[in-house]
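Across the two complexes that follow, subunit A remains constant while its partner is subunit B and subsequently subunit C.
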Partner chain A sequence: MVLLQLLINGIQTGTIYALTAIGFALIFGSTRIFHFAHGAIFVIAAYVFKFTFGDLSLHWGIATIAAVSTAVAVGLLVNFLIYVPIQRHEGSYFTIFVASFGVVIVVQNAIAIIFGRGFVAIETPLSNAVEVVSGLLMAPLFGIALVCSVIILISLHLTLTRTHVGIALRALSQNPELVRTFGLSTRRLSTYAFALGSALVVPGAIFTGAVSGLNPTVGLHIMLISLVATIAGGIGSIWGAAWIAFAIGVAENLVLWQMDSQWSEAVAFAFLLAFLIFRPAGLFRLASAR
Partner chain B sequence: MSVYLLNVGVFICIYAILALTLNVLIGYAGVFTLAHAAFFGIGAYVAAFVAMNLSSSLVVVLVASVLTAGILSVIIALPALRVRDEYFVVVSLAIQILCVTVFSEWKGFTGGLGGIVNIPLPEIFGGTIATPMQFFLLALGCLAVITLIIGLMVRGSFGRSLMAVRDNESAALALGKNVALIKTLAAALSSGLAAVAGVVYAYYLSFINVQTFTLDTSVLVMAMVIIGGTGTMCGPILGAALLTMLPNALSYVSFLPQTEIGSIQQLLYGLAMILMMIFRPGGIVGAGRSKRNRN
Partner chain C sequence: MSNCFKGVVASLVLGLVVTAAPAQAEDISIGGIFPLSGPNAIYGEIFQSSLRLAENHIRADGMLDGNLRILYEDSQALPQQAVLAMNKLVSVNSVPFVMSAFTGPSKAIAPIANRTKTVVVNGGGVGPDLAKLGEYFWNVIPLANTEMRSLLPYMVRERGYKKFALIYVDDPLGEGVREVLEEQLPKLGASLVNDYSIPATAQQFGGLAAKIRNDDPDVVFLASYGDQQVQIIKQLRQNGVTALFASYSAFSTPSVQALPEAEGALYATQAIDFEAKDAFTRRFIDDFKAAYGKMPTVYATNYYNAAMIFAMLGKELQVQGKPITGENLLEQRRKTKSFALVGGSVSFDEQGTLIAPIQIMEVDGSGGNVLKIGNP
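What follows is the complex of A and B.
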C-alpha cells in the first residue's frame, strides 16, 4: 500500500515535471538557446497565480490568465532584450548561459524581497487529501492535474503535427538552414517557441504551488529536472524529455520507500551522470549529432 | 576597525583564490564548471579532519587537502572528456548537487548540517597562527603563491596547449596534443589549488558547515570570474575584491533594509552578469568582444 501511495505521488510529481520539461525542450530544441531562465519564468508564473488567486482572491480562471500572460510576456522579453542582442554579436553558448543564469538570480532575489524567503502555499480545498481506499490518500487536485496535463499534451501534439507553426518549429529543431531556405523567418519562429514554451510552465507552476508549496528557489530544482530530461531524452525530442521527466518524478518518490528524502534528488542526478557518460546522445535521439 | 578591514581582506584573498583557480577551467581550458564550491568544500573538510585527528601542522594539512581535491578532480575531468558545452554545464551542476548531498549526509566525516566546530589553530615553524593579522598574511601568502603558479602555467607551454584546446580541440589534436591529459591536468590543478582556499577558510573560522559549499557559492565565484574578466590574470582577483566588498559597502547605504542585504547583493551581481554578457562579454579587464567566439 505504501508503494502504491508513493507511485501515485510519483505520477503527480512526474506530470508536473513533464509539463515544465516540455517547455524547455521545445525552446532549447528549436532555438538551441540554453534558456536556463525557464526556471525563473516558472517561479514568476507560480507567484503571479498565488498573488492574484490567493492574496487578491480573484477567480481561478482570471488568475490563470494572469499567470499565462505574465509568463509569456517575461519569456518574450528575455528573448528580445537579452538573447537577441547577444546572438547579434556572439553566438557562444557560454555567454547566453551566463546571461540566462543572471536572470534566474535576479528573479529569485526580487521575489525573495517582495514575497519573503519562506514557503508559501496556494490555499485551496481541492488539495485536501481524501482517503480513497483504506490507507490510500488522494487529493481531488491529483485528478485535475492529471486530466489537465493529458489535455495539454494532446493539444500540444496536435499543434506540433497539424499546424504550420508547429511543423515549422519541429523543422527548426532538425535543420535551421533548410528552414531559412524555405523562406521562413527563424526569428519569428523563435518568438513562437518562447511564447509556447513559457506558457507551458503555468500548469506545472500552479500545481506545484497547490501541492507542495512555493519558495523563491523552487525554480532551480524544476529547472535541473528539465535539463536532465531534455538531455537524457535527446535534444530535439520533446516526448523523450516528457517521458524522462515523468520517470524522474516517479523514481524520486519510489526511492523514498527505501531511502531518506534527502537522497531523492541525488539519485536523479546520479542517473543523469551515468547517462551522459555512457550514452551522451540520449535515449530518443531524433536529429543528427551536433 | 583594523580587525574589520583584516577580516574583509582575508575573505577577499579566499575568494580571489577560488576565482583564480576557477578561471583556469573557465577562462583557459574552456571547461565551464559549476562545481567549484564542491572542491572548496572538499579542501575545507579534509583540512578540518586532518587538523582535528592527525596533525596540527599547516604544511601537512595543506598537502593532504590539495592532494585529495586534486585526485577527486577526476569526477569532473572524466565527464569533461566525454561531453562538451551545454552538456558539461549540466553535468557539473549535477556533481555540485551530489557533493552537497554527500556533505550534508555523510555525518561521520562532515558533521552533517551542523558542521564541524572548534577546528584547532594551524601551526607552522613551531609557531601558531592566531591573530587576524597573521591570518591575513597567511591568506595573502597563499594567494600570492597561487597567482605565481597559475601565472607561470599560463605563460608556459602547458598554458598555450590549454588555450589551443579551448580555441579548437580538433586542431590541437591534429598537432599531436594529448587533449585528454591536458584537460585532466587542468582540472586537477584548478581543483587542487581551490582546496587551499578551503584550508584557509576552515582555519580562519574554525567552523565549517555545508552552507558555505552550495551552488550559491559556485555561482558567486563564477560571477567574480565573469565580471572581472575570463582568461585574464587580474580579472578574477578584481572581480573577487569587488563582489566581496559589495555587501560591506551596501551595509553603509542607510536606506536599504539590513535584512535584505544578501538578496540585494545577489540581485546586483545577477544584473551585472546580464549586462556584462550583452555589452562586454570579456569582463571588466577582458578584451571586449569576440575573444571567446568559437562558433
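What follows is the complex of A and C.
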C-alpha cells in the first residue's frame, strides 16, 4: 500500500513538474534563449494567485486570470527589455543566461520585500487528502491537476499542430532560416513563444502553492526540473520534456520506498546523466538546422 | 604677506581648530553573521529586530565610551558563507565580538574564533555540539540536548507517548537530535520506530507522509528549521498524518505558532520570564512592543541579551582602562558571576553555555502555552 501511495504522490508531483517544464521547453526550443527566469515567472504567478485568491478573497477564476496576465506580461517584459537588447548587440548565449539569472535574483528579492520572506500557502480544503480506500489517501486537488494537465496538453498539441502560429513555432524550433525565408518574423514568433510559455507556468505554480506552499526561492527547484526535462526530453520536444518531468516526479517519490529522501533530489540528475551518456539527443530526437 | 608667513598662519589656525574640536568618540564595531537572504532569512529579521533595540539602548545609556555599531554579514545559514563572513569581520573590521546563528555556520566559524581570539556568541543554534567549541565560543541559549532532556521525560512519562518517528535535516543539528533520541528514548521505555534524514533544501514531503503513516508513530519529532519545518507540518497533515508533532525550540518561531496544522504540538524552550518586574526586562518588552507591535520571541530576546552582555563586559573593561579585545572579554566574563538580563539573572557554565530553566510548551495559536517549567 505504501508503494501505491508513493506512486499516487509521484503522479501528482510529476503532473505539476510536467506543466512547468513544457513552458520552459517551448521557449527554449523555439528561441534557444536560456530563459532561467522562467522559475521567477513561476514564483510571480504563484504569489499573484495567492494574493488575489487568498488575501483579496477574489473568485479563483479571477485570480487565475490575474496570475496568467501577470505571468505573460512579465515574460514579455523580460524578453523585450533584457533578451532582445542583448541579442541586438550580439550578446553571447552565456550573456543571456547571466542576465536571466540576474532577473531571478531581482524577482526573489522583490517578492521577499512585497510578500515577506516567510513561508506562505494557498489555503484550500482541496489540498487535504481523504481516504479513498483503506490506507490510500488522495487529495481532490490531485484529480483537478490531472484533468487540467490533460486539457492543457491536448490544447497545446492542437495549437502547435493546427494553428499557423503553432506550426510556425515548431518551424522556428527546427529551422529558423527557413522561417525567415518564408517572410515570417522570428522576433514576433519569439514573442508568441514567451507569451505562451509564461502562461503555461501558471497551473503548476497554483498547484505548487496549494500542495507544497511558497517562498521566494521556490522557483529554483522547479527550474532545475524544467531544465533537466528539456535537455533529457530532447531540445525542441515539448512532449519529451513533459514525459521526463513527469517521470522525475514519479521517481522522486518512488525512490522513498527503499531509500532515504536524500536520494530524492539526486534522481533528477541521475536522469540527466543517464540521457547524456546513453541518448545525448534526448528522449525524442528532433531534426534541427540550427 | 609672504607665502611662508601665510603657510605658518594657516598651520596655526588648522592646529587650533583641530585641538579645539571636541574629541570624537571612536566607533566600537561588533559583528552579526545571520541568514539575511534565502529560505531562513526570516530568522535574520527576527535577530536584527532586537539588536536594533539593543544598539539604541546601549547608546542612549552611554554604556560604552564610543558608538556601538553592529556590522551584519549574510551567512544564508550556510557554513561556507559564514566562514567568508567571519574572515571579513575579523580581518577587515577587526571586531572582538561576533554573534552567530544556526548550528552548521556556528561550528564552521568556531575554529577562526579560537585562532584569532574573537568571542563568538550564539543565540539561535541549538546543536548539542555547540557546547564544545572552545573557550571563545559562548551560547546564550540552552542547547537541544538540554531542551530534550526536559521534553522527552514529560512526553513519555506524563503524556504516555511511546513510539517516536524522527524527520531531521542532514546537518550537525539534525544528527545531534537523532543521537539524543536514540540515547534517551530506550532509557525512558519508549522507542524510535524510524528516522528520516532530509536535505535542508527539500520542499516536497508528500512521499515522506506515506512512510510516516505506515510507521504509525505516536509522535513525529522534527529537527528542521525555518520555512521547511512549516512545510513539513502542513504537508504531513494534508497527507493524513495525525500523530502529535514535537520539536526543540525551533517551534517557537511565529510561522509555526500561527500554523493551524501545528496546534497541539509540543516543544521545549528556555524559560524567560517576560512578566518579570525588573526595569531591564520591562524596558525591553515595552520598547519591543512599541517598535514592532508584538511580543519578542525567545530568539529575539537572546540576541538582545547577547549585545547587552558585550556592552556590560565592554563597560567594565573601559572602567579598568583595558582595551576591548576578545581575550579581555573572555577574562572579564569569567570574573562575572552573573548577568542581569531580560527575564532575570543568569550565569554561564564552565563551557560557556548559558544556564537557564527549560519550559515545556504547547502550540496554541497565540504564541505558545506553558505546560511546565523546570531546571534541566
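As a convention for this text, the second predicted complex is superposed on the first by the 283 of 290 C-alpha atoms of A that agree within 3 Å, B and C clash if a C-alpha of one lies under 4 Å from a C-alpha of the other, contacts with A are read in each partner's own complex, and residues count from 1 in each chain.
The rule is simple: a residue touches a chain if its C-beta (ideal position, glycine included) is under 8 Å from a C-beta of that chain, and two chains touch if they have at least 3 such contacts.
Predicted model only: the values in this text are computed from it and were never measured.
Once subunit A is used to superpose the two complexes, subunit B occupies space that clashes with subunit C. Residue contacts after overlaying the shared chain place A:A129 against subunit C, while subunit B stays out of touching range. In the superposition on chain A, A:E265 makes contact with both subunit B and subunit C.
Once chain A of one complex is fitted onto chain A of the other, the partner contacts of A:E252 are limited to subunit C, with no touch recorded for subunit B. In the superposed pair of complexes, A:A112 makes contact with subunit B and with subunit C alike. By the document's definition of touching, of the two partners only subunit B reaches A:F97; subunit C does not.
Within the superposed three-chain model, A:L137 lies in touch with subunit C and out of touch with subunit B [touch as defined at top]. Overlay on chain A, subunit B versus subunit C, candidates 167-175, 203-211, 239-247 or 275-283: the clashing stretch is 203-211. Taken together, the two complexes place residues 109, 112, 260, 262, 265 of subunit A in contact with subunit B and also with subunit C. Every residue of subunit A that touches subunit B in the complex is listed here, in rising order: 34, 82, 85-86, 89-99, 101-106, 108-110, 112-113, 220, 224, 227-228, 231, 260, 262-263, 265-266, 269-270, 272-273, 276-277, 280. Looking at the complex, you find that subunit A touches subunit C at residues 1-2, 5-6, 9-10, 12-13, 109, 112, 116-119, 121, 127-129, 131, 135, 137, 139, 211-213, 215, 217-218, 221, 252-253, 256, 260-262, 264-265.
The touching residues of subunit C, counted against subunit A in their complex, run 37-39, 41-42, 45, 170, 196-199, 201-211, 213-214, 227, 230-231, 234-235, 237-240, 255.
Listed in rising order, the residues of subunit B touching subunit A in the complex are 32, 78-79, 82-83, 85-87, 89-91, 93-95, 97-98, 101-102, 104-105, 215, 219, 222, 226, 260, 263-264, 266-267, 269-274, 276-278, 281, 289-290, 292-295.
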